[in-house]
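As structure tokens, here come the structures.
Both complexes shown next keep chain A, but they swap its partner, so chain B is in the first and chain C is in the second.
Entry: the complex of A and B
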């Protein structure tokens, strides 16, 4: 072996140690503990093997299904909105118009603000009595009476989605913009000469060409939205009546509030498996990322 | 003639629509932040007036004083800063070593390694939170700077390796080879020749890792719950009690945390955008 290659192995070892200790071991540890009854309150007694009992319990757990339903709904709606709005924004940002610098700069504001702080900002804006949103809506006569943004089960879901879309759409539009900018302008010119209309140009040139960028972006957004924790922890704490409780929030509560490590591990395992399945759906676009 | 004026009208219409979009876009994006900024200078009376007043009727610094006196906010800032710097340093050191191997040497299992890195970005943190908690507890690293920084490092690693190995690829091999011929060791060639050339890349990765570490909440909350090692993101949620939410204080604290970050981002926006786009799509 060349001495340079030896150096190569040496240089990669520190990162491998971290990956094994902080990613691989914990993943397998969680999978392992999901087969045990293991509680903080009775930790001294150790853990007892219960087979698949934790998973059977999950299938009869209404709170779990409520969290799963909310998380999936939230993911689908929020990511679709981000993608559609992001696409529109990116198309506008791709034109040579004045003020683009300001647009691109302002795009980074929601991205840079810590999610926790944006959650707090929205929480006060959503306040039923003192909130600015109700005030503006009442003034513009969009609504007749103040909306209980965070205390009504249905509206709270919408409120969380709006806050998330505000935070992540700008980022999405930057990613889509980067895809748009790789499309050679000659293609559009040629299409225009051939008499193609806007719809054809979008469907037959733009969309196919940004598909690789777009599908990777959507995958990462789907996974990030699916694991949502920060925003909900601060905005609603999962309430009212668990209407906005995400799987991550439920798992954290099970682990650290209820001290039920075995059941928490089973919930974390289910979250892990769903994320894995989502990733497999996007396998082709992931392959392109590795090459 | 008719046609020409049509086109002209159309152009005015497009410009007009663009203007509306522009105001709406920048307004919606910036408003929550501006609102928070104004609220941080309002008195209790203004904050809880119905209907809300846009401008403070009386500007006050009370909220800023409260932010530091109700909680040890200065110590939170210090903790967040130390942890973010430590995370950045570790990610850059470990990441650039790994990037060098990926980009410059013929080691086996490169693909497997990159796949492992990719899986880190795909993995829900919730899957590993409890084992990491127990691991840090047994290593006596709960409520420490290092424990949380190591966890931030592992999440910064994929970005660092992706971005930096791309940078290493652009450096001509001859540079390094001539150094080796001149009698330098491989390690010397690495940190004397190669590393200085990738400083711009290191800088971009540093900003992104720093911001991600600064914004970390889930692991900060679980690993560093004690007041003395608490970070800003965790501390800022603790001004509220079961009975009251002091919005003025929270707004002031948010502004203190956000403004330096925004200045950093606006100054370095080109680098940040290139890092965000290049280093993969991380949420």
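Entry: the complex of A and C
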């Protein structure tokens, strides 16, 4: 038994090393650097310990709060829409329909396209000069003037959300579909015999049974959306006037572009803590899955 | 007998094997001696059409014993900076030389990551370079890089439209607005002017041309922030008015990168365009331009007639890492890369604008790029962006605050005042 235990530890050593090197070390190093005033520009002078001053600065940083507000709004709206639309798609994909293979494949296409490419695609489509969306809307006379998709502070937020929902809904619907397929058909048959209506069936059978899968899916999406970077970098690079600057974008700009390593590390730490808190919210529903 | 004979055969075989092995060993050793060339790792732009490899081959042919290994940096300029930053920060000796944008030398010089080149370059060697690029690689009284390519903002205009409406090439921004409005009233589906005004480095380049031409600046000679001035406010007001009041900019201008600005001009829907020289060849290529033969190039307008025209300086240099194990050889290559021969090859092969004055009278280059003769004054007077190791952050503040004026979150005066304050906060002034 004992030697078996030893063997077990031996086998997990490689993955432990990888976790230490690629996850724990960077996280703790970032945390460590966040207590220093450390800049590329003054690197020759070394770093000076400033305690919590970087974090105090964050709480007085207008740009940080603007980015946080945008990121939260973006996360809540985008993930809610992804969940609702994902649920609808999953239900369609779960039916016995002719051509189901084609339906499932076509629903998945956006997920298969790399984010940078889909970002560029949306950028072309949103263009006020040659964009197809404005072109169609104008031709159909829905609108009188081209919509300033990416150049108006308010509309740009919507535009970014639409692009993200389009891209990640397939992921959501795929996970929900996997949940739907685990529900035994007998439950529905029994409910039908008892005379339950569609609303009751959905709320009392489908939803509780897919809840574990759904909460994992939402957790994944919330965490990923909260750290959104690539899509926004391609679509707006945070503009106009920082209206679509996400926390990650701000952090990366501060750390790498501005060379403000200490403050950038503090921003990264705050983002990390918020993500951690969000995951804790989901801990309960994750537990119920294990039981 | 048989036994001995066998043994003899075996011995023969063994001897043969030993000879063969020795021979192989000698070959291997001699190869590795031959391979004791010094290999320089050069972090560079992508290879594109092979001209960069030709330059390296030429260097290797003239400098036996040194080989250059080109490592491609990412396409995006900010990503290039991130990668170089990361390597230098970790004091990695695997990067010997690298391409540097015109605004980077103060960053690396202040961090102490690059080798000053004063000891290696004679004054005569620096003499042939244009003043702009030399200024860009000079920081704190030292030279930190060798320029190999220059750039400057230009005004592109539609020759045919100006002729048709009997208008002169505008000398001031007000004239440009007036001419735009005049032509917009008389031509269907035409807008006046465009530039790269999205929230990125391109906006800083465009903005500075306005600010300088009105007499404003970011820093004074002592390095103090003097951005908040009536001149700067006038410049930003003009830009804001061009979007919101005079309405001569295409819709969506606040999210225009250089490609977005070129597209409407190339399809004939703009009278004016602020672009780099690299747009010229594209504008004259019938595959993607409908304005072939209809485009003129001029210096950018002035703020008022008593000011002068300013172009933002662009361009690239090579810098030598302080952590290189082969600095001598790296400097040799840097000198070659910025030398006349390599710059000529890049001009012919990649249409790069030379950073050396003598190449503007080179007949081969003039044949390939006749326009550089007319543009020469703009290259000579091109002005560097504010020099600071904190440049990236200063530039970001300018972009964000200017865009706030563009989208009418703030007035031009407020935006200038806030930018001024934020830059002062950043630099502790």
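Assume the second predicted complex is superposed on the first by the 277 of 291 C-alpha atoms of A that agree within 3 Å, B and C clash if a C-alpha of one lies under 4 Å from a C-alpha of the other, contacts with A are read in each partner's own complex, and residues count from 1 in each chain.
In this text, a residue touches a chain if its C-beta (ideal position, glycine included) is under 8 Å from a C-beta of that chain, and two chains touch if they have at least 3 such contacts.
Since the model is a prediction, treat every value here as computed from it, not as a measurement.
Taken together through their common chain A, the two structures put chain B and chain C in a clash. Judged by the touch definition given at the top, the superposed model places A:129 against both chain B and chain C.
In the superposition on chain A, A:226 makes contact with chain B only, not with chain C.
By the document's definition of touching, of the two partners only chain C reaches A:236; chain B does not. In the superposed model, A:38 makes contact with neither chain B nor chain C.
Within the superposed three-chain model, A:148 lies in touch with chain C and out of touch with chain B [touch as defined at top]. By the touch criterion stated above, A:247 is placed in contact with chain B alone, chain C being left untouched. In the superposition on chain A, A:256 makes contact with both chain B and chain C.
In the superposition on chain A, the residues of chain A contacted by chain B and by chain C overlap at 129-130, 256. The part of chain C that touches chain A in the complex is made up of residues 78, 81-82, 85, 89, 107, 110-113, 198-200, 250-255, 260, 263-264, 269, 389-390, 392-393, 396, 399-400, 403-404, 406-407, 409. Residues 18, 21-22, 25-26, 28-30, 32-33, 35-36, 39, 47-52, 93-95, 97-98, 100-102, 104-107, 111, 113-132, 134-135, 150-151, 153-154, 157, 161, 186-187, 190, 211, 214-215, 217-218, 222, 232-233, 236-237, 245, 247, 250-251, 254, 257-258, 261-262, 264-266, 269, 272-273, 276-277, 280-283 of chain B are the ones touching chain A in the complex.
Residues 2-5, 7-9, 11-12, 14-16, 18-19, 21-23, 25-27, 29-30, 33, 89, 92, 97, 99, 102-118, 120-122, 124-125, 129-132, 135, 138-139, 166, 168, 170-171, 174-175, 178, 216-217, 219-221, 223-227, 229-230, 233-234, 247-248, 251-252, 255-256, 261, 264-265, 268-269, 271-272, 275-276, 279, 286, 289-290 of chain A touch chain B in their complex.
Contact residues on chain A toward chain C in their complex (touch as defined above): 40-44, 127-130, 145-146, 148-153, 156, 236-243, 253, 256-260.
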